[in-house]
Amino acid sequence: MKLQERFDARIDNGDFIEAKDWMPDHYRKTLVRQISQHAHSEIVGMLPEGNWISRAPTLKRKAILLAKVQDEGGHGLYLYSAAETLGTSRDQMIEALHSGRAKYSSIFNYPTLTWADVGVIGWLVDGAAIMNQVPICRCSFGPYARAMIRVCREESFHQRQGYEALLTMMEKGTEAQRVMVQDAVNRWWWPSIMMFGPPDDQSPNSAQSMRWGIKRVSNDELRQKFIDATVEQAKLLGVTLPDPELKWNEERQHYDFGKIDWDEFFNVIAGNGPCNRERLAARVKAWDEGAWVREAAMAYAAKQTEPMKEAA
Amino acid sequence: MQASIRVTLTPAVQYLLRIGDTALVLGQRIAEWTGHAPQLEEDIALANMALDLVGQSRAVLTYAGAVESAGHDEDDFAFLRDERDYRNVTLVELPRGDFAFTVLRNAMMGTFFRHLWDALRSSSDPELAAIAGKAVKEARYHQQHAADWMVRLGHGTDESRRRLTQAMADLWHYSAELFASDAIDEAAHASGLGPRWGDLKDAWMRDMGEILTASGIAMPAESKFLSTGKSGVHSEHMGFILAEMQYLQRAYPGGVW
Amino acid sequence: MQASIRVTLTPAVQYLLRIGDTALVLGQRIAEWTGHAPQLEEDIALANMALDLVGQSRAVLTYAGAVESAGHDEDDFAFLRDERDYRNVTLVELPRGDFAFTVLRNAMMGTFFRHLWDALRSSSDPELAAIAGKAVKEARYHQQHAADWMVRLGHGTDESRRRLTQAMADLWHYSAELFASDAIDEAAHASGLGPRWGDLKDAWMRDMGEILTASGIAMPAESKFLSTGKSGVHSEHMGFILAEMQYLQRAYPGGVW
Amino acid sequence: MKLQERFDARIDNGDFIEAKDWMPDHYRKTLVRQISQHAHSEIVGMLPEGNWISRAPTLKRKAILLAKVQDEGGHGLYLYSAAETLGTSRDQMIEALHSGRAKYSSIFNYPTLTWADVGVIGWLVDGAAIMNQVPICRCSFGPYARAMIRVCREESFHQRQGYEALLTMMEKGTEAQRVMVQDAVNRWWWPSIMMFGPPDDQSPNSAQSMRWGIKRVSNDELRQKFIDATVEQAKLLGVTLPDPELKWNEERQHYDFGKIDWDEFFNVIAGNGPCNRERLAARVKAWDEGAWVREAAMAYAAKQTEPMKEAA
């Protein structure tokens, strides 16, 4: 198995695998699954925030939010392209999403109920996403790693904007606004720390992904790192994180935290979260209602190439 | 603070509000596609256009506040103004419709803005001229993007052609308002602030004629219908746009965002 | 005045708000049909139902204000309360959908209200019992009207059957929230104010079972989905309902209507 | 022509003509046109006011408005029934409306832009309608006359409610509310006085309708009566009617008023009013989208009678 050996050696050596290189089927499938899931998350993730574009409270915030959601569409685009280099078309991936075979990040199955949710998504959700994604910038598959570098740069800009929006409300706003921010934090905190996935001992695919250099850091390690960073930011912001067991552990040099309700996590993954059906329905509706547009564009493109064929 | 502001509606302020409000409301409508477009590239393109329009609106409303000199900033105008003081053309407030409707409206408005901004580059007011210098480039892109889609839809499938034709029947008659010059236009023309909108009609008709010809769509006859959003008499859609857009500012008096 | 009120959310107040808000938001949704129903008789019937529901809501919200004793009247509750303090079940805030969706929701909610009001006639509080005595008659009519249409749609055409089946797939899982009893219910039960909503489940299932059987529609299995509007965590539709409903009160501080 | 003579004699005698009585074709057609147009006006008239149900500023006003719009539906129902006694089905009449052959009152082609419009419609539009309709309670066709008695009673209730809503805002409200009321009066005044139709010398069908006892009072006479009554109500309300030429004429014992812009009137009738297309489109959409419901109801009804037929 010379190909396999060469592949393993390159992985061990920390080289990038490129799209035209030989790779094991399972590696290819794992990557397609992960990259497309990531792309789907960007696309579905446009919905909860997009929900507030028409209601943004100032024109500046409207512009920032529009630009952010547009960036998420852009991330979806690079990621679909990266996955396409592995031989699966964007339409195939979208079909997998719409049929329910492919997943997207479960966090987007929670509703955005107030304007503060938009800021909190920037701060906590994008913050957790970056924590997850930074190691992927060193992932063994080149096109994915390169897409992630650009994604992470933009995400960290979004995170700062989200935090700044919250800070404005907390520092300069009214009591009603501060209540709104705290309420949003209360609702998003636990789902955010679930974004790192199940505990390491219940994460069956992690070992293989680590071996292949697709995953670089474990779920629990990333979660701890996120919590440690976020506690400090929450203090600066003046909000309380809704976990009474959250406290500094001098010995571990980390924050201890309360028990995560993994039943909720798995229930949402299983399709029973507050917005699972609506998110998927919104995507399917946009896709189905846009079918005639895509068909028209293809028909027109075909007509443009026909004369050339005839001339040939 | 959440009660509506009273705007001093001098001709110059009205002229500017017509521009700023038209950009804002069109941006609001186009932004509704974000996350719901027929393909991802269009989600991005439409969000980008909405962003350009919101940006143009911010610049013009801020400038209108300076001209009015009553201390109103862009957000006072956008979020604390009554419907009757909004001065956008009616065309931009119509619900977003299907993609053909949006593409046609964008072609009509992109073409209009392109010529308006082009003329405003020679405004006697250097600030407005500077805003126009940036905006005209954006409008050119909006026009081109919509025109490309017009051709694709006009020569795509039977359905796309049927939908584009329906959009023409629904939208075309709203174009008359764009060019119905009045005392506000005369004042802007006289002071050199900007063109009479009626003076943009020939250029608009020429461009739209080309786009329609390229799309294989006939230009309809003129009708006697004249919408009146520019003078603050809007369609019944406008109230719902504002209820949604202004809700937070209205419900959180004294808020800082 | 246009800033939101702070509600003292004692268990009794919450119990009453759940009832009053559910009636109000359902009334708001049903009223959207007025002028747009499939036939004139249904325009009238649906407007009439909306009117009953608004009336029930007014009575209950006024009574909740008395129980809260903070000087809030029905309009303070309806127009100056934040979304997070609204306590209606999520089912009633979903967009109106097609006529099959509306008929099924009305059947589900008419049946629920019928049994709720019936139980509330024995409330330890004579005022609430009196409200219930009137409302139960209205709810009976709402249930019957919806049930009649369920049968017609279930046994009408292939299309009507397909649409009713689709409505079941979209709506049924929201029923779990109606019967998810919690501390609020326990307190109402203990004080004799009203029943635990969970205690209405058997009667509701029996009625709905009959209606579905008569309509030739299968009852779906229970899912693990549980909506949470009753505790103030709503769907994303709720914000838009309130922006529209509350806009005037928010934008005209101090207004008298 | 014995039938014709007997018919004329009954008209002259002030008797009611009933549906099964002989009547001239032209009389029948005129009535069907007028009653169905009146019914259509009620149905289309539900739209501009219905537009504010979701936004009514108090629950009491919401209930009043809902009840009012519901009543308009009820009026449509009696009027269609009255017209049906003349041998034209409701579906035929609706088809005539949707195809643009049948008219409805042009007033409903103006938009309701503010909450005050709802009150002003009650006060001025219902007021003008009642002025037009009271004489029809004595119309020669019995079913129409009887339907109008009920309609007029309810309309005058609506008018009082509209006026009371305005009075509340003017007397107890804020300056912003008073501005809103005055603005609505400014927009609705001229269209309201156009509701009586063109001047008598330009109203070609009036003479025949008068002769038949379908019309009892001339357009100009009704208009004058409405203006005289309304000027006094406007004073009490504290609003100005937007006509600088409006003033008491001691000699005529009536108010003089300015020139009516009949070009606007005919332009709106011709289909170019602010809302003509949208009103008709809303009705057609409701009808088309409800087709499957009506079909299902008919299919179900047919199935219910089938077993009976089989048993027979």
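For reference, chains read A, B, C and D in written order, and residue numbers begin at 1 within each chain.
One rule holds for everything that comes next: a contact is a pair of C-beta atoms (placed from the backbone, for glycine too) under 8 Å apart; a residue touches a chain by one contact, two chains touch by 3 or more.
According to UniProt, the chain labels map to these proteins: B, C = Phenylacetate-CoA oxygenase subunit PaaC.
Quick caveat: nothing in here was measured; it's all calculated off a predicted structure.
Colleague: At what distance in angstrom does the C-alpha mean of subunit D lie from that of subunit A?
Modeller: 57
Colleague: How many angstrom between the C-alpha centroids of subunit D and subunit C?
Modeller: Roughly 34 Å separates the two chain centres.
Colleague: For subunit A, write out the residues touching at least two other chains, lowest number first.
Modeller: 55, 176
Colleague: Send over the residues of subunit C in touch with two or more other chains.
Modeller: 3-4, 239, 243-244, 247, 252-253
Colleague: Taking touching chains as linked, do they make an open path (line), a single closed cycle (ring), a hub with spokes (star), an all-linked set (complete), or other?
Modeller: other
Colleague: If you go through all the chains, which pairs of them touch?
Modeller: A-B, A-C, B-C, B-D, C-D
Colleague: Which residues of subunit A touch subunit B once you look at their complex with the stated criterion?
Modeller: These residues of subunit A touch subunit B: 43, 46-47, 50, 53-63, 66-67, 69-70, 73-74, 76-77, 80, 115, 165, 168-169, 172-174, 176-177, 282, 285-287, 289-297, 299-300, 303.
Colleague: Mind pulling up the subunit B residues that touch subunit D in the complex?
Modeller: 3-4, 83-84, 170, 223-228, 233-236, 238-239, 243
Colleague: Under the touch definition given earlier, write down the residues of subunit A that touch subunit C in their complex.
Modeller: It is residues 48, 51, 55, 111-114, 176, 183, 187, 267, 270-272, 274-275, 277-278 of subunit A that touch subunit C.
Colleague: Per the contact definition, I'd like the list of subunit B residues that touch subunit C in the complex.
Modeller: Touching subunit C from subunit B are residues 2-4, 82, 239-240, 242-244, 246-247, 250-253.
Colleague: Can you check the complex and tell me which residues of subunit B touch subunit A?
Modeller: It comes out as residues 24, 28, 31-32, 34-44, 47-48, 50-51, 54-55, 57-58, 61, 74-75, 78-79, 98-99, 151-153, 155-157, 159-160, 163, 244-245, 247-249, 252-257.
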